[in-house]
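Here the chain labels run A, B, C and D in written order, and each chain numbers its own residues starting at 1.
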């Protein structure tokens, strides 16, 4: 067995009395990948933050190559060769890709304080090539998509030749192609003898990458071992602490004739062309596509956030004015956006306030506009409880302090409370655990059961095939295929998603 | 585990009917955002009333040095200085919560006081005003348009409010619809409208306002001075608007995350515009009190006051970054500033010491406030 | 109102000294500093307690300050009001409180409040100074191009002085090449500098410059000198120069012949007038004495420099400094 | 739209500020022909230089999302210190200036400490320095005017490489600031801190030190500006520098800086902003607008400039929207 590079012993961390990590003993070995799994809020990120010097443990010690390791801050961590890709993107949108990559130590012009721009650009190009991101190093990060930004984050750790690299859910905004690239990178690092921690809720990925597995539950290490001894069902049961029969609930038998959401001939130059789309009452329509296919843009137009040149949208026969989210909501439309941090949450506000936000007018008295707090909080806590959001108090704990997965649940809860006729969800299961995923699917299912229509955007084909009645494939701003459940077939759907781009490379 | 969790939550929720109100307050209490379960009430209390305690402590310290500080006369002075400033600062709070700032309030005060005076003034001296651009239109030797009418002052005040609202509307639209930076927009309208305020009467103060108007600041109802009544009315209305209504909730939401708010169907533009209108209206009411007290319309009214207005807000914890603020805080902040000014007047320091002492006291207050916050964090 | 008086008497029981409160609008120019000096020192010489209040150009503040001294129960109040209207409003308060009330340098806008007033007429003084400048211009036997550095339009003194200047312009209709060029200063040296430079750039032929306050002369110098226009009276490039206040600099410049005239308010005289009056009133226990005393003021010019320079406060200060 | 049009539109949008600047210059020129002279441009820049220097310092502070209200007072105090040292303690001019400059830095350092170590909001911290600083000045002078010897005022006439000294200093400050902000590691990290302090700390950037630095720089700039100004005025009254903080912030913001941090440049941004304001002021004097109307017109023009700028941002965003389809499609 390879030599121990890093070890935790008896690490404990509590947030205001809530024990988040208690007594973690764990070892990392150079040249090996440790898959760290656990439900949302299990403490994975917290553990990594302790290691990365972001948080200080209450008890316990860490050793690096046998020597005691006590980081005063992130700087110390990177100084001692620990690279850290945070769960939330950590880029400076007002700087360029190159600058972001080298923000920690810029290449200098000799002894001068000036940045050696050419060297920086060249290094950056190599790295971008490594991770297969086709963009100039001088592109401002604000112009990149989350996916592309994630790649930049990865390039960042590659730049610092770290000996330990922590990946906290790096694939949440990557799609198949980039994930492949990432895995390739990780394998190369591993070959170089780097020790790696890989955190993800996509267990198949974990299996594919890891040598060892460690399972966290409620801040305790409940199981460790070699990957061979961890078939996915065992991972799940030890994460959740009980046996879970299936990963996907069967889609409800509730599809009705009436089309509840109808999109006709929607077009916007450069974004989408002649989109026809219908979601029936009780139906779950999956929308698949590669990153940048234009799904988000399309739904943003449908929902009324972006303008469109031609076409129209109707809900239950009533046309939407377009360009007016408020009207869309009144019309019965709901939209769970793909990045919860910027577009979803009021980070500093309590969970209940966040959940109440959309439905608020329904709890205000006419004229006076006075809010009926009791009813509001009852409803909000009710929803939070249904979604099994894990928090000390729904009324006081701020969304900021929630784990990634629980934050996502808050965003969904916010829309459920508005009782929508049609729910558009953009990548709703990004970064949430199997248990939570199953809950989300069930929630969507129940909603459909109750007669709502659901448009489910995802870059994970499995889940779409698992829960959708029908899958439409989007590609370059056009809908290039539609498959009934009976005709679901991985290869054909993928082919549709890739087709034009391959044509292009041919042409 | 999960079930316990939820039980505990709903439990604390049921037992905590009264904590509910706190829960809402808590949204913006902590400077550093953190969860507190045990020490919540204490912490809330601390952060809510700290500046008030501070002021009281300050008064107690001063008691022996300046006994007449608490003479009926002086106390009533302190209060009469407080009401107008309070009303204006409350308006500012609304804008600050949206992560904006309104530097134009002072110009609104000047402009409305001038126009109001021009409308209701009795007889004026042609020597002074014949050069005014509105001479013969708004203003003649027989006084303003409304002069003579018994209720002229009411119409005048209505007109003042209308003008204030227009200025606010202008600021709001520029900021919310055209996405212009609030600071520069309101700075410009400050230049612009105070210039107009000086231009209309060609620099002259307008005296000879009707009795009914000047008595607004001096008169009282059942022994309660009108300014106090007005301030309380505005304060209570603002407090309810912010803490209890749909509008208030949405205002905070916008201050914290405009994008998320817009996506959640909040009519962000309308709400922000309204905030600027409210700010300008409050400035106008302040102008009514000041000008009735000075018994004149002044083209330079409020010239120096911007710093006090925003300072009072910020010292009390209203954040320039938005999303954070409460009327009670503003009240305490204003009280602190007025008290400070008044005590400096009474202390009879030589003129070259006053500013130094004033600075020192503000600094001390801010320091204590920070220390208190740190303590509150640790105590968790 | 009884209560604070009670406090006050107890507060002052200790010493029989009488207390006079003195609230001045600000100390931003030498003129105000001199006035402030004159009053405070004289008061102390005469054995009063003095309470000073700087209103720093804020009308409200001044009102609040006077209220607070009334609350302290002082025996007399003297103010340099931010403006005439304020002087009236404050005066009414003093009258109510039955405290003798003196107004210095700026006339109350009406007689609604009883006060001891010692004031100069800014407009008249400015007109005199500008008038003498016009005489100088006539000697040139050609038309001249007049310009004025105007003060802050929010300040009545500035407006008055501008009026005085314009009076002089009207008085000599055919002396000018055109309408006077008005240059804003907002009473701020830097603004004055910038705008005067621009004005001279736009109208290089300006050769008749009225400066609304003497404190701006250093600025004028630093603008004119590089252009070769900072010359003594009599030389061809001399710009006929006039000001108001009569401060040290003005006195010096007149002596050296750069300056043609400045309108002088006799600070010391005004101070004495109002102080004598208020002292009597206080001693006699009068509560609301009234008396208007006019400081005739005068223009100190190249013409009467030697004769009258000793009446100008600026020259007195200069002399002291000399010793 | 074909690509050429797109290119034209984009370049137009990218340079609205400069375009407006030229338009104004020419516009005033048409109304007052002798406005269009190099000499006049020089005068304008020269008169913009002292506010410009403050505004550059202010830009540093704004980049971190802070604000510095104390510059006006700092300017006053350091000028007073210089004057008194020369007058009463017969310091050499150079020595006096040096001490005065240190005084400026000291006030900046005070702000820095109060803000970064004691954690007091910049608005309050610098407000205190603004008030108390003015007080210190009054304490030193008893509010009397301070005069400066001719040797010092001579300096305003000095020319370096044919450029007026104050303009030269302004240029140096701008150059230094731009080099620092654009080319050095700390400069870029300053932008990072302004963009997201939390992330900056996670990235191991010493945000505290950087923020502290900006206030010291701002203090130094204020002092320097004070010197430039006294070399022209020769005298300092108690009101010296009052309200300049707002002119400086206005100039920076007009130059594109944001009060929320992370956005803004010393050059061209702040420089253009400052000069534009000064140019309008000069233009209004040139064409002899009624004094009462001048500030009204001024306000109108600045408002228009800012309006144009925001309009342009929105349009640029639209143009830079990614194109999902193949180019041939659109």
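The rule is simple: a contact is a pair of C-beta atoms (placed from the backbone, for glycine too) under 8 Å apart; a residue touches a chain by one contact, two chains touch by 3 or more.
Computed from a predicted structure; not experimentally measured.
Hopping across touching chains, the smallest step count from chain B to chain C is 1. Of the two chain pairs examined here, A-D and A-B, it is A-B that is joined by more C-beta pairs in contact.
A straight line joining the Cα centres of chain A and chain B is 43 Å long. Look at where the CA atoms of chain B average out and do the same for chain D: the two points lie 30 Å apart. Averaging C-alpha coordinates per chain places the centre of chain C 34 Å away from that of chain D. Contact with two or more other chains is made by residues 27, 153 of chain C. Residue positions 198, 202, 351, 354 of chain B each touch two or more of the other chains. Looking at chain D, residues 138, 142-143, 292, 294 sit in touch with two or more other chains.
Across the assembly, chains come into contact as A-B, A-D, B-C, B-D, C-D. Taken in their complex, chain B has these residues touching chain A: 1-2, 5-6, 8-10, 12-13, 16, 19-21, 23-24, 26-28, 33-38, 40, 240, 244-247, 249-250, 252-253, 256-257, 259-267, 323, 380. By the touch rule above, chain B contacts chain C in their complex via residues 67-68, 71-74, 77, 81, 198, 202-205, 207, 290, 293-296, 298-301, 303-305, 341-342, 345-346, 348, 350-351, 354. On chain D, the positions that touch chain C within their shared complex are 32, 34-35, 37, 39-40, 43-44, 47, 50, 138, 142-145, 147, 153, 156-157, 229, 232-235, 237-240, 242, 278, 281-282, 285-286, 288, 291-292, 294.
Contacts from chain C toward chain D in the complex involve residues 26-30, 33, 150, 153, 181-184, 187-190, 193-195, 197-199, 201-202, 215, 218-219, 221-222, 226.
Taken in their complex, chain B has these residues touching chain D: 99, 101, 174, 178-181, 183-185, 187-189, 191-192, 194-196, 198-199, 202, 307, 310-311, 314-315, 319-321, 351-360, 362-363, 366-367, 370, 374.
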